[in-house]
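Presented sequentially are two complexes of chain A, the first with chain B as partner and the second with chain C.
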Partner chain A sequence: MTTLRVLTRRPGRVIGLLILLLFALMAVAGPSLYSGTLAVDPNAIYSSPSSQHWLGTDFAGSDVLQEIVVGARYVLETAALSALFTAVIGTAVGLVAGYHRGPADSALMRLTDFVLTIPGLPLLIVLSTIWSFGQPYEMAIALGVTGWGGVARAVRSQTLSLRERGFLEAARGLGLSSRHVIVRELLPNLAPFVAMNMLLAVIAFMGAEVALFFLGVVPFSSSNWGVMLNQAVFSGGAMDSPAALSYLLAPLVCILLITIGIVLFLDAVDELFNPRLRERP
Partner chain B sequence: MNRLHRLRAPLALAACAGLLAACSSGGGKTSSSQLVYTSVDATNPITAGAPMNPFNASGNYFPSYDTMQLGFDKQNPKDPDDFFPGLAASWTISSTGITVKLQPGAKWSDGTPVTPADIKLSMAIALTQGSATVGAGFLTQGLDVGSVTEVDASTVQIDQAAGGTNLNFARLVLGQYIVPSSVYGSLVPSSIWSTIDDLASADSATASAAVTKLNAIGKAVSAFSPAKDVSAGPFVIARVNPGSAELTRNPDFYALSKIVPSEVILRHFSGNSDIWGYMKSGELDSAPYTSMPTNILDSVLKTGYTRVDSASFVDAAIAFNESDAPYGQAAVRQALAYVIDRQAVTKVGEPVGGTAASDLTGMVESATKQWLTPSQISSLNPYSPDQTKAASLLTGAGFKKSGSQWLLPDGTPWKITLQTVSGFSDWNAAATVVSSELDSFGIPTQVKLTSDFATYKTDMAAGKYAVGFWLIALGPSASAAYQRLYGQDDGYTANANGTVTHADGGGNWQHTPTSYTVNGTAIDPGLLTAQLATLSATAQQTQVQQLALATNEQMPVIPIWDYTNVNFTYDKRFTDFPGASSPDINGLMYNQPGVWMMQGYVKAK
Partner chain C sequence: MKTLIRRLLPKLAAGLVMIWAVASFTFFLVHALPGNPGDAAYENYILAGMPPEQAQAKVASIYGFTSHDPLLAQYRGYIWRLLHGDLGQSISYSGVPVTHVLRAAAPWTIFPALAGLIIAFLVGTSGGALAAVKRSSRWGGVLSMSGSFFAGIPAFVLALVLAFLFHTEWNLLPYGDTSDVTLTPGFNGPYIASVIQHAVLPVATYALLAYGGWLLTMKSSVISVLGDDFILAAELRGLHPRTRMRYVSRNAILPMFTMFALSIGYLLGGSVLVENVFDYPGLGNVLFQAIGARDYPLMSGAFLLITVAIVLANIVADLLYTVIDPRVRR
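Up next, the complex of A and B:
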């Protein structure tokens, strides 16, 4: 009931949730909705939006809406998995480093510094010459493994602050194991922070993977949002002619909508995890 | 004081704006005496900071503007030696070499004359740039220069190495870049010609040592950065900025009266869309071929550009590695040719700059028409889309269909990975249609991209791709076209004695059989192809016809479209551009506008 009340307190939160649910549904059911391959129609290249093709057609006369729906799975699955990897690795490293301090902290933070210095996009471009990134989890591993540095640092700071609190001193005084303290005492207190970071990471990783496809360095699939942008700009002339504009805008609007959805929904998450905010009128 | 202080910022802004306006170098007339011709060198993009050296891989040099050749190719399929005059005013070709008469009054931009010594040095340098091999690669596409002799102050004789009978020798010589010995001479030791002689030595150690020496010289030459551009062409590089190269008219050019623009600006570009943008704003006086969709074509024509179509001797095809099952079977390749609707693929992949391949002979259609008789052309299989024929061919080869999916003869599902290259927008768009057609037929097809063309070529040569896009029919001559199918990539090496050696390893990724049967006669496609380089155009007819018929039947590659060389001209600032009715239009459009100007085209409006 509290959750429902928090969600409905502002209409923006409901809108955010609905947007996220819509895209989640698209990712889960989209490919089954349009089974088989995209139909091509060389006689309807870059046709305008119509009742038959709501968002127009692409360079091969394929339906843009169908491409958006079918392409949602790869984009969202990759972004969600990358965010999960980031949250798991970042939280684990940050918790251990912040709680134990000393040599473990130094070693883990130097590792974190190293990860933070890795330039993400150039590395992915190099990796793409070796990996095909044909499956979402492949790209998610690449993105997640190189993207947890920021979360680790933030979680460590939070941990350092929490470990000085009375309840943790009490836990340690009771002789509870480090594992118990970290998992049962520290982690629940950090969960809201991690969850919000994870949602924000989804936005960042979605941008990163689409950019990689946009640059044209990973597998070509006309139903991938990044490839759609690439084709619209570099071969469809969307920047020079209005014909391919709907083909260019469709994936961009989707990315924008997901970003808005996450930002609006974060407001609710923040209040849900932070009781002090709930007390405000 | 206070008021002045307040005015300082706007005044500074105005000054900056004025400065920028003064520095800007858009196309057209910048003053009454300045006629600026603006274009793009599509094959040679600008690399800021790179040397002004035609032998540097990313050098800033611009053929036909500041970089000259003895002649410029007219792209005549029946006469490979048909060239526009360049630094050579005329030439005589013999069985062993070529005698070149230099342009009277040909001078470098430093005022010194172009001499036979420059030609001799340039040929020696050319031999150091990747052409140097033991035995000099007779009968192939090697340059094979044996000696360069000064006949008189303006005549030079260039001969093939002893024993060489390469019919392409003259065209190779005419197409080399000519550089001044005053600039490049110090990089080449005086003993270079004896080193070149050593290449053909019977002693393998001597020959190998010569290759090593020449390669070392070649590296030094390609790394060389001249302090300034010294040109024998109509223009000379004044400066190279990251965004453009500026070339001014060369007052020492031998045919200066024909050159109207006082300046040429070649814009930098990083992709086709940059060139489209320049055209949309009317900035380019001529624009090279770019793969463009019809919506861009429409907007470019609307801006006022004139489209000039000419033949392009290149064809986009789908090639196979026949050592990968099941592509070694002719029935499989033929079946795929029946499944792929080339008209539909071309409409998506290359709607403006391509026409669907019709004859499927390994040559472009215009060349096929010249080599084959009408009855031979009508006997060719057009492989019109026909899924029933495809299914029957596959069934005959032991394939089965389970539900909607084709199974290989061993019962496993047949899946295709169609390889193409990132950035090759026409291939990628075409691959989408091909995969859709094959999917619908019952062969799930995945399109995969290689990050760049250099890697693609390396991987292709290493046999890593079973099915992939490939350019064939390169060049107007039948010899060059069939070298692409039955040459080095197919394991054939031509020997000096007119024979060929065939090896399965080392670069052979096509793996076609060494024997085809055409009308009951067995032929060796590699041997016939090698022979083409030693026969005159008239004597090649039989071999070309055999190769064309064999290729049409065996389908070692499936040609998809013949490229059309679509150029654009803009007559707002200049007029009298080459047009569809101009003589030798294929050759003119194949070359850069500098050649048009040398031929008397391009006048001020």
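Up next, the complex of A and C:
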């Protein structure tokens, strides 16, 4: 009940959720909506939006809308998978470090500092020289492994403050195993926080992954938003000629929409889990 | 002073370990590359009729090591050269030492990123304080929403949108390179004006990228300080709201220094994208070009330098934090 009330308090939150649902649907159903390869029409290169091609066509005469819909799966699957990887690694490291403290804590935090300091995107670009990231999960592993530092540090500080609370002292006092305490007592209290971080990570990883394709350092295995941007800017001349405009703007607008969707939706999640933020009546 | 050193030394040591780890990583990366570029170059020199010793010396001067020695000896030689500031020779700028290429590029990354960071700090922290105080009003909500938006938006999307709007659409600002090519570089009016004009878009991108993080952190920091007892006491004493706000902001600004390090890392990492979009000849662009040209010594050098800059920024941020907050020193 509260969930619904918090969600509908500001119209933006509902809009955010709707945007996210739309793109999730696109990723799930997109490829089956358009079967086979992209239709190429040499008579309609860079045509402007019309009733036949809602968003116009690209350099080969393929429908831009179709490319966006088909490309959504790779982009979103990778972003979601890598967000999952960071959440799992970050939570595990943060929990162990914060709960056990001592030498394990300092060792894990050194490692976390290391991961946080290495510049993620340059590292991925350098890694792309030996690794081609063909499958979504490969890209997701690379993104996940380089990006869990922030989550681990935040989960650790949450764990440190949680472990001094009464209910955890009670659980320890009852002689429950530390596995029980971590899985049954600590984790449920951290879950909302981790979930919010995961949503933010989806934005960050979507950006990083599309950026790698945009820069062209990753071989193009299939058409996706990053490949579209790369072709629009570097071979389509979209920055200088208005013809390729919709080809450039379509993926950009999608990325912006997802960013806005997640930000709007996070506002609701934030209020739901942080009662202190709730507005006074 | 003593506590300062005691606090700083472990950080310095950690930074050195970090730099060593990244240097080792790039060394082994070049070894793991398909077709070992060092070997390939060596064979090319031999085919060109060069005596083996000379070919080996030439490869060593380019990569910092040759693959004919045992791995450990190569590694020792590489680190040894590194300690003497020798990063090898660039392949795409044939024969030019990597350090020269990097020295020419570094200012074009460091100054715009720093300028963007300072602007973002000023606007972001004041915006964050405002968003915290007005958090139940509509404008407060809009402000924090703008923070989350800019914190989330990918660097190259922002750069592309800015380039598209201000250059292609409205033709207000130039784009590409650091200044108008027809002007002679030097300390003269038109050149400086042109440099500033060309820097506006990259600086604005960096500023907007960092703005969100500052705003959100400042907001949560101000909210937590607002709940402190001494603020309630100040309120009860009937102090002027402006005085109270000064109390709040002085205390809330402290956690911002940890943000500084994160922020500069984020900007330097994003410089690859920003400089690529604006065709700006900084470190990020050098890294990108080096990969395109398979210029591995230059690639390792640029990556190493970006990491070193971030490590240094971390140490400086920590030092500032210690100087400003007396509680840390105890």
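The criterion applied here is as follows: the second predicted complex is superposed on the first by the 269 of 281 C-alpha atoms of A that agree within 3 Å, B and C clash if a C-alpha of one lies under 4 Å from a C-alpha of the other, contacts with A are read in each partner's own complex, and residues count from 1 in each chain.
FYI, a residue touches a chain if its C-beta (ideal position, glycine included) is under 8 Å from a C-beta of that chain, and two chains touch if they have at least 3 such contacts.
As the structure is a prediction and not an experimental result, all values here were calculated from the model.
By the document's definition of touching, of the two partners only chain B reaches A:Ser222; chain C does not.
Once chain A of one complex is fitted onto chain A of the other, the partner contacts of A:Ile260 are limited to chain C, with no touch recorded for chain B. In the overlay built on the shared chain, the residue A:Val233 is in contact with chain B and with chain C.
By the document's definition of touching, neither partner reaches A:Phe167: not chain B, not chain C. Of the two partners chain B and chain C, it is C that touches the larger number of chain A residues. Contact with both chain B and chain C is seen for A:Thr129 once the two complexes are overlaid on the shared chain. Contacts of chain A with chain B, set against its contacts with chain C after fitting on chain A, overlap at residues 128-129, 217, 233, 239-240. By the touch rule above, chain C contacts chain A in their complex via residues 14, 18, 21-22, 26, 29, 32-34, 135-136, 141, 145, 148-149, 152-157, 160-161, 163-164, 167-168, 175, 262, 265, 268-270, 272-273, 276-277, 284, 287-288, 291-292, 296, 299, 302-303, 306-307, 310-311, 314.
Of all residues in chain A, those touching chain C in their complex are 10, 12, 110, 113-114, 116-123, 125-126, 128-130, 200, 203-204, 206-208, 210-211, 214-215, 217, 229, 233, 239-240, 248, 252, 255-256, 259-260, 262-264, 266-267, 277, 279-280. Chain contact summary for the complex, chain A toward chain B: residues 36-40, 42-43, 45-46, 59-62, 128-129, 132, 134, 216-222, 231, 233-237, 239-241, 243-244.
Across the interface of their complex, chain A is touched by residues 271-273, 276-277, 280, 291-296, 298-299, 343-344, 347-348, 351, 420, 422-423, 425-426, 428-429, 431-433, 435-437, 439-440, 446-449, 451, 455 of chain B.
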